[in-house]
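Two complexes follow with chain A in common, the first pairing it with chain B and the second with chain C.
Take a look at the complex of A and B:
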C-alpha cells in the first residue's frame, strides 16, 4: 500500500507556501511534481557525467551513453516492451503522435484512406492527423462519446471500413479520467486491418501498462506527467513496424553513413539502428536520465499501488462533491473505470473564477478546456475546472479543498 | 511616468469560449494596484475580502486579493490596455 506521507518527504516543492497557505497541488494531469531523486539525478549528470552521447571514445561520453541507453532500457522494461529498440525518446506525447503521423502516415496513407479518432481525444491526437489529411487527402472519422463522457464503443466499431488504416485513441481521458478498454479497441482495429496508436499520457503515469498484453502498435507518453522532467517523452512502437518506417527528422545520430557519390553528385544515406533512427541530433540526455529515475521511483512504489491510491482519492472526493448541490461533476457515475481526474463546475461561476479562488488558498487546479474542446462541446460546457491527483496527494488535502469549494459555493 | 507595465506582470488569455482575460499583477505592486483600482471602479460586491466584483466603463471584472484579475468580454488587447491604463495610470 502506498503511504503518501512518506512519499511527500521526497518532494521538496510540497513544502512551499502559496499565499501563506500550504501548497495543495491538484493539477497533476497537466504535469506532476518531481521527487528529489529525479532532481538529484539530473544534477549528478551535469555535475559528473555530462558529455554528448555515442561515437566518442572518451570516458565522459561513454558514461553519458551508458546512462542514456540505460534510460531506454529502464523505460522498455517499465511498459514491458520487447527491448529498447522499441522505445524512442521524443519531447513528449505530442511529438510522438506527430512522429507516427509523419514518419508512418506520410508514406502509408493515400487519398481516400481513413483514420479513426474519437471525440474524447486531446488536441495533440487530433491536430497532427487533421494537418496531414490536408496534405494527403485521407478522411478523418470521429467516434462518438456517450453523454456521460465514456467512449461509444459501437460507434467506434462502426467507423471502420476496408479503407481504415489507423486508429488513434486515448487510453485515459485527460478531461474526465475515463479509462478506455484499449484491449478491445486494439482488437477492433486489428480485425479491420488497421494499426492503432494509443495516447498513454494519462495512463502510463497512473496505471500498470503492458504493451505486449495490450498488443498496441504504438503508445505515446510524456515524462513530465510521471515525475520526470519536461521535454522528454516516449514513443513505443512494435519493432517490426518501426523497422519499416522512414525517419521523422534528419540529422546526426540517426544515420549510419552519409557517403558522397561523385558519379551521381548525391549523398547515399543509410539509417541507424532502432531506436536512434528516430532520434536525430543531440538528444535530451539529462531528460532521459531524469526519466529513468522517475521510472525507478514509480516501480519501487508499484503501479498497482499508484492506481489504488488514486482510486481511493477519487472516490473520496466525488462522494464529498456529490453532497454539494451547486457542484456538478462530469463523467461516468460508475467510478470503477476511472482515473484520478475530476472535471467539475460550480453553479454561476466560471471555471477560471473557481481556480483563482482556490489559488488564493494555495490550491492549484486547472481551468479551461484542457486541450479537449470537442469533449466540452458534448458536455455543452464553455470550460470546466479540473482536479487531478497523484501519489503525494492525501485525504487531508481533499478535506481542505472541499472546505474552500464549499466557501466558493456560498458566493 | 507610470505605465501599465509597472503593475502588470502577465496577461493570459484563457481557453474556452468565454474568452476571459486574466491579468496578473506584479507581486510587489499588487496591493498598490488593487487599491488604485478599488478607488476608480465601482465595487458591485465584495466577498470575504478575497474577491471584488467590479465594473468600470461598462466592463465587468473580478479582482482577487492575491493580485489576479479576470476581465470578461473584453473585445481586444487595445480595449484591455486602455481599461488598465485608465485604472492604474
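Take a look at the complex of A and C:
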C-alpha cells in the first residue's frame, strides 16, 4: 500500500499556497510534480559532475558518461527491455513518435501503404503520420471509438489489410483514462504483418509496463509525466528493428567514424552503436540523471501500488460525482478499464469557467480539448474539464475538490 | 451566498445568471458574429438602428463562459439609445470591463470579443448603407483585430480537426 502522506513530504511544491489555499494539484496527465530526490539529483549533477559525455578521458566526463549510461540502464530495467541498446533518450513522447515516423517510416513506407491509428490518439501520435503521408502518399486509417470512449476493437481489426505496415495506438487515453488492451492490439498488428508503436505517455507513469510481455515494437513515453524533468523522454524499440533503421538526426554522438575519402571527395560515415545512433548531439545529460532518479523513486514505491492508489482515488471521485446530478462524467461505466483520469462537465458552465473557479480555491485542473480533438468530436463536446491523479493525491484533497465543485454547481 | 471565494465579482455572476437582452432579434437592422466555438466563446450581436443613426435596441446570443455572457449583456445595455458614433468611440473593452466591475485577467479576452462583435456590427451597418462617417476609422480597431486573431486560431484548429476526421 502506498502512503500518500509520506510521499507528499518529498514534494516541496505541495507546500505552496495558491490564493491562500493549500495547493491541490489534479493536472497530472499534463505533467507531474517532482520529488526533491529528482531536483537534488539534477543539482548534484551540475554541482559535482558536469561535463560532456563519451568524449574525454578526464574524470568528470567519465562520471557524466557513467551517470548518463546508468540512466539508460535504469530505464531499460524499469520497462523490462532486453538492454539499454533498446532505450533511446529523446525530448519526450512527441519526439519519440516523430523519430519512428521519420527514421523508420520515411524509408519503409511507400505510396499505397497503410498506417492504422485510432480516433482516441493524442495529437502527437496523429500529426507526425499525417505530415509524413503528405510526403510519401501512404494512407492513414482511423479505428473508431465507442460511445463510452473505449476503443472499438472490431473496427480496429477491420482497418488492417496486406498493405498495413504500422499501427499506432495509445496505451491509456489522455482524455478519459481508458486503458487499451495493448497485448491484444499487438497480436492483431503482428498477425497482419505490421509493426506497432504504442504511446505510453499516460501508461508508463501509472501502471506496470513490461515491453517483453506486451511484445510491442516501439513504446514512447515522457519523463516529465513520471516525476522526471521536462525535456527528456524515451523511445523503446526492439533491438533487431532499431539495428536495421537509419538515423533520425545527424551530428555528433551518433557516429562511430567520419572519414574523408580524397578519391571520391566525400565523407564515409559509420553509425555508432545503439542507442547512441539515435541521440545526435550533446544529449540532455542532467535530464537523463533526473529521469533515472524518478524511475528509482517509482520503483521504490512499486508500480502496482501506484496503479492501485490511483484506482482507489478514481473510484472514490466517480462515486462522489455521480451523486451530483449537475456533473456529467465521460468515459466507460466500468472503472476497471480506467486509469486516474476523469473528464467531466458541469451543467451550464463552460469548462474554462469550472477550471477558473477551482483555481481560485487552489485546485489545478485542465480545461479544453486536451490535445485530442477527434475524441471530443465523438463525444459532441466543445471542451471538457479534466481531473487527473498521481501518487501524492489524497482522498482528503478529493473531499475538498468535491466540496468546491458542489458550490460551483450552485452558482 | 457561495461559501467559496469566487473569481468573478457579484455583478458578473448576476449578469451571467440573469443576462439582459439575451436572444435572437427578428427585426434587427444588422447582425455580426465574433469568435468561434472551438476557442471557447462565440457571440452574435443584433442591433436595431433607426434613420437617425440611433441604436434603438440590441440583443445577443452567446456560446461561452460567464465573462463572455456578462460583458455581452452589459454592452447591449450600454449602447441602447446611443448614437452609432458614441457606441463606436465610447464603448471599448476597457470601459466594458470597468462597467462589469472588473474581470480576472485571463478573462479579458472575453470582453474584447464582445466589443469586437459590436464594432463589426457597426462597420457592417455602415458598409451596407454605403456610408463612411468621419469617426469610422478604416483600419480595424483593437477589438476587431483580437476577434480576428482568435478566429484564425480556431480556424487552424478546425482545419486540423477536419483533416483528422476525414481520414
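Going forward, the second predicted complex is superposed on the first by the 411 of 411 C-alpha atoms of A that agree within 3 Å, B and C clash if a C-alpha of one lies under 4 Å from a C-alpha of the other, contacts with A are read in each partner's own complex, and residues count from 1 in each chain.
In the analysis below, a residue touches a chain if its C-beta (ideal position, glycine included) is under 8 Å from a C-beta of that chain, and two chains touch if they have at least 3 such contacts.
Keep in mind the model is a prediction, meaning the values are calculated, not measured.
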Consider chain A as the common anchor and indicate whether chain B and chain C clash or fit when overlaid. clash
Determine, under the contact definition given at the top, whether A:126 touches first (chain B), second (chain C), both, or neither. second
Of the two partners chain B and chain C, more of chain A gets touched by chain C
After superposition on the shared chain, which partner residues are touched by A:352: those of chain B (first), chain C (second), both, or neither? both
Figure out whether A:360 sits in contact with chain B (first) or chain C (second), or with both, or with neither. both
State whether A:231 touches chain B only (first), chain C only (second), both chains, or neither. neither
Partner chain in contact with A:407 - chain B first, chain C second, else both or neither: both
Could you point to the stretch of chain C, among 20-28, 38-46 or 128-136, that collides with chain B in the superposition? 38-46
Kindly list the residues of chain A that each of chain B and chain C touches, one partner per complex. 19, 350, 352-353, 356-357, 359-360, 368-369, 382-383, 407, 411
For chain C, which residues are in contact with chain A within the complex? 2-7, 13, 17, 37-38, 40-41, 63-67, 104, 106-107, 157, 160-161, 163-165, 167
Given the complex, residues on chain B that touch chain A span 14-18, 20, 22, 47-48, 50-51, 62, 64-66, 68, 70
Can you tell me which positions in chain A touch chain C when the two form their complex? 19, 119, 123, 126-127, 130, 139-142, 349-350, 352-353, 356-357, 359-361, 368-369, 373-374, 377, 382-383, 403-404, 407-408, 410-411
Within the complex, which stretch of chain A touches chain B? 19, 350-353, 356-357, 359-360, 367-369, 371, 376, 382-383, 407, 411
